[in-house]
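Chain nomenclature is as follows: A, B, C and D, assigned in order of appearance, with residue numbering initiated at 1 for each chain independently.
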Amino acid sequence: MVDALRDYEQLAVDRLAQPVADFIAGGSGDELTLRANRRALDRVQLVPRVLAGVEAAVTIDRLVGSAAAMPVAVAPMAYQRLVHPEGELELARAAAAAGVPYVISTLSSVPLEKIPGDCWFQLYWLRDRGVVESLVERAVAAGCSALVVTVDVPVMGRRLRDVRNAFALPEGIVAANLETTRQAHTAVPGLSAVAAHTASAFSPTVSWADLEWLRSRCDLPLVVKGILDPRDARRAAAIGAEAVVVSNHGGRQLDGAVASIDALVDVVGNDIDVLLDSGIRSGTDVLKALALGASGVLIGRPLLWALAVDACDEAFGLLRRELTDAMLLAGCADLQAVKELSWRNDG
Amino acid sequence: MVDALRDYEQLAVDRLAQPVADFIAGGSGDELTLRANRRALDRVQLVPRVLAGVEAAVTIDRLVGSAAAMPVAVAPMAYQRLVHPEGELELARAAAAAGVPYVISTLSSVPLEKIPGDCWFQLYWLRDRGVVESLVERAVAAGCSALVVTVDVPVMGRRLRDVRNAFALPEGIVAANLETTRQAHTAVPGLSAVAAHTASAFSPTVSWADLEWLRSRCDLPLVVKGILDPRDARRAAAIGAEAVVVSNHGGRQLDGAVASIDALVDVVGNDIDVLLDSGIRSGTDVLKALALGASGVLIGRPLLWALAVDACDEAFGLLRRELTDAMLLAGCADLQAVKELSWRNDG
Amino acid sequence: MVDALRDYEQLAVDRLAQPVADFIAGGSGDELTLRANRRALDRVQLVPRVLAGVEAAVTIDRLVGSAAAMPVAVAPMAYQRLVHPEGELELARAAAAAGVPYVISTLSSVPLEKIPGDCWFQLYWLRDRGVVESLVERAVAAGCSALVVTVDVPVMGRRLRDVRNAFALPEGIVAANLETTRQAHTAVPGLSAVAAHTASAFSPTVSWADLEWLRSRCDLPLVVKGILDPRDARRAAAIGAEAVVVSNHGGRQLDGAVASIDALVDVVGNDIDVLLDSGIRSGTDVLKALALGASGVLIGRPLLWALAVDACDEAFGLLRRELTDAMLLAGCADLQAVKELSWRNDG
Amino acid sequence: MVDALRDYEQLAVDRLAQPVADFIAGGSGDELTLRANRRALDRVQLVPRVLAGVEAAVTIDRLVGSAAAMPVAVAPMAYQRLVHPEGELELARAAAAAGVPYVISTLSSVPLEKIPGDCWFQLYWLRDRGVVESLVERAVAAGCSALVVTVDVPVMGRRLRDVRNAFALPEGIVAANLETTRQAHTAVPGLSAVAAHTASAFSPTVSWADLEWLRSRCDLPLVVKGILDPRDARRAAAIGAEAVVVSNHGGRQLDGAVASIDALVDVVGNDIDVLLDSGIRSGTDVLKALALGASGVLIGRPLLWALAVDACDEAFGLLRRELTDAMLLAGCADLQAVKELSWRNDG
């Protein structure tokens, strides 16, 4: 048992093979953006309220049409069997138990149909439109309640840890939603196997027109993940997306991109729901994101570290506790009160 | 003998059991706010005046109706017998000798009636209103000259040092003002004994209505401690409080809360006296707080460290000297002159 | 093979004699400006765009009248045979292969006439105007396509590493464009041999009038290198210069000068093309410079480190890849799109 | 021989007894202001000009009525025989040779009458007005060309290094301008001998009225040293002072006071000449002070370190060279051009 959600990282790093830990922890390039995400969150300071007479903080929420016990969803993360034999099955099970939506990655290591709970499906736009159609149909058929299109990976960011580790998936771990003939098992000089696979499979030319086509073909709520510029948020709203996720892909795509929490402030207020991704490590971070205008957050790495030490239920419990404690300490009975908190940037 | 008030910390830490030192020194969560308090004070820079022709700096003041030899009161701190066999008796004696009001904690380890000097009584709002009433009556009967209601502990901040130390009060140390049957002697997993006791005893639902009720029942000056948002300061003024204490509980409640000195600037100027708490370590810090608009400050940890090495009288002498030296060096004959100092934030 | 352009530095430093590595890496004085260049670039944060539908980023450009495969030219750097037996010949060959203009230094260790590719000639204003005229005529005759006049070396900045190393050119390495009788082979107390040579050869009194005279005598496009103040950029425009290079000479001239990227913002928008020099270490840095308004950049040290380990072709390949990857990740199909990126200064 | 003015510090510290080095290097309290002086100077960044056609930078100046070969005077520093057997005699001799005014301290260890060159006399206001009168008369008689009244020592800042070292003057070193019966030879608990002597000798009540009295009694130009607030600068102008010195006494008085260079900007422009003191370590620092509006600077510690290693002439040469190099590199033919430089605060 650990004392804080962020404590799982060290436990997991101690247990995992280093290339796997690096694959999860790393960012692109010099990891400027990876570090900027944390620095920017740490310098957001909240101004608590007092004497709110709150017995218990109510965190029940709706996120993109899903009921959510707290304003949190599990971020899409590839290949979760890298860290736990059950992989996605186990993390999604725990998410469901915690009342939290789970976002299935296109690159999940378990077929999407087998993943339990209230799931959203994350779509990478693949070169083969037939596969895109098929994935969307499968997601609908499997009862997914939203479609999350990741738009910040036209090419994969250059993650130097993986390059240096010549990182490749171990035997037996595959992108289970995709055809099995071409998978991420072979690194080439200068390119990890995962990057090589991405380069061959993903379409760099995905465009707004593609999203409009998708919007017209599928009734699921559409979430556009990877937005940092308000102009793009307005465009997402214009094509009928339900929400955008402000994200720099956890510092794994453009190194030198703005920190997610700094971008959030500019994206909020453009007539579309905004979720925050990239850098969240604690319940207090969730509170900060909400205070700055996010409707909810996606949490990734901390839950993957917890999965690696088989502590998913405990992790959701800790997260919930950290969030409700922070709300009580900030004098917030509910999420509406959180939005009215003042804050300052101690930059 | 030490050379500066802040020197007691190292001496005390060297002498105390580590869990006790941690209980005093620690903050909540990642201790972001604990560190922010100091960083924010250190970057306040004063602009001294010259040729003021000051023989000696006059620090005599009235604080919340008490005469005070300097604009300082001893912050309420629990269980002072943890660090000294006489605990509150000794620190309050020295405070009285120094002409400084002493704030008795609800959780004092000596009954409030035995504590000497000009005392204010600090009230945690307990679940049992009968106990609240009884404590207030006892404080009045004992001659306390103000009532300080702490409003930033609806629940206790998660102080990870205490959790990791499974911190519990040693045999023989109790909250002497409260019934002796349930005390902070038993840690439970994930919760220090102090946190467990707090959770069982304190009311999380204390509200402005409760304060109004108290205001109507007790003629003592009312001080609301734990205010950071100016909206709450105005509310305190509206219900007839005498003063507010801008405080983040020494970085022990919401981790991620704004530094106290940064909040001060926004709270000042709302038609109510403002005291500053959290982070003060020297006479120069007192000067900074006054220059930024505080009427006075509460000082906690430095005096507890001094108590631990049985140097309370010396500590008050040093504090007084540091303050008067700083006033003279800033060209301030009195506290009014301090308010007219310019300052900058070297952020 | 390395993974990023900046990786050559360590490889080269490991291989070169320390005084040579110091001569390349060092700045003047306390190296405040050297460090400021990097710090300022690192805190520029870009806001990527998404869904641009870009197959491949087009980087083809015209720089000062030259065709350029990317908006980059090789900065003028003296004595390249210090690090490689072929020196300028090899770096210029690789630049030509990469489609990048190469700027020949007045102090090149190979005669300008022998250097291959699309070259610009960099002119230090020498005390002897006859030599200046002769150099310009030779540059024209050799087919150079632009003239880059360096204006920030009226005297040489005091580079303490070189002074401490009593740095002098090894036997056999000379400023091959200049007369061979007085060369940088002898350090004197307090002065490296290079500084002594500069002091004897360069004219400290070069003025705008000299540039006007040059402008009237030579039809090549004129680039003024070493501009930091917008007033000087306007003056350069007024005398008919084609472009200015915002540069602090890689932190080697006035220590305490503004970082180049910070100066860029003020210089842009004064009716003259602006190139950026000083501090560029990666393709992402190029993207930042362009987003902030530069028409292109000069890159120096990273290419010299690559030359030292005989990896010039690979280095240009990496740079190109870093730039196109960054453009794709920022959703930029071409250089025009880069100019429309938003950015923030995380200062 | 050293390479930069600041290099003397390490040489001197290696040679001096540690308490003496501490007496020179130290600041008051936590040395916040001592460090702030340097940090603030380092973050001032200049924007050089180019093509000024400058053969040599002209630094000839008038400082408070004195001819000065550069806009620099030697700051008043006590007890220079602590570091060199000739003390003030040697440093003043070198200053005169360099064409730089020398400010004799009230606490000089050599009688003011013996000190050569163009000297200003620095006056601490002593409790005994007769002594003040006598010192002024002696300064006039000795041919001093200005009177510098230090106004930031109503009491001495608490310099903890000296307290911890129980610092006292060695046998044979005295304040040679004062009566010899009470000197700084005996530390008392909590007070260095120098602080004890100051406390007994200096008048804390010196006021503007005293300065007006002095102004009326003495025709020498009056310089008020230790001003940080523009209100005090205006008052100095109003009573007829010639100049003020913006100074925090090298971080030795109010710890927590604003950095001198940050205060400078506010003090300039109040109808009185402004000199800068506190933190200058190089010719570039002088340039920065001038660019921000100072008419000149006082330099202290670097020259004392140079005196300690018997290198005063070399030190003035280095300073001059650093200043003229910086002027040339900034494109400044003279001090007027320096005032027109742009700058930014990289804070």
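Convention: contacts are C-beta pairs under 8 Å (C-beta built on N, C-alpha and C of every residue); 3 or more make two chains touch, one makes a residue touch a chain.
The structure displayed is predicted, hence computed values, not measured ones.
Common neighbours of chain A and chain B under the contact definition above are absent.
Bringing chain A onto chain C by least-squares fit of CA atoms involves turning it by 90°, to the nearest 5. Of all chains, the one whose CA centroid is most distant from that of chain A is D. In summary, the pair chain B and chain D forms a contact in which the copies contribute largely different residue numbers, shared numbers making up under half of all those used. If you average the Cα atoms of chain B and of chain D, the two centres end up 42 Å apart.
Centre to centre, using the average C-alpha position, chain B and chain C are separated by 59 Å. Shown for chain B are the residues that touch two or more other chains, namely 347. Chain-to-chain contact here is organised cyclically: the chains close a single ring, every chain touching exactly two others. Applying the touch definition to all chain combinations yields A-B, A-C, B-D, C-D.
Within the complex formed with chain B, the residues of chain A that make contact are 1, 3-4, 6, 42, 44-56, 282, 284, 287-288, 322, 325-326, 328-331, 342-344, 346-347.
The part of chain D that touches chain B in the complex is made up of residues 29-30, 32-33, 36, 40, 151-152, 154-155, 157-158, 160, 163-164, 189-190, 204-211, 224, 226-229, 231-232, 235, 248, 253-259, 262-263, 347.
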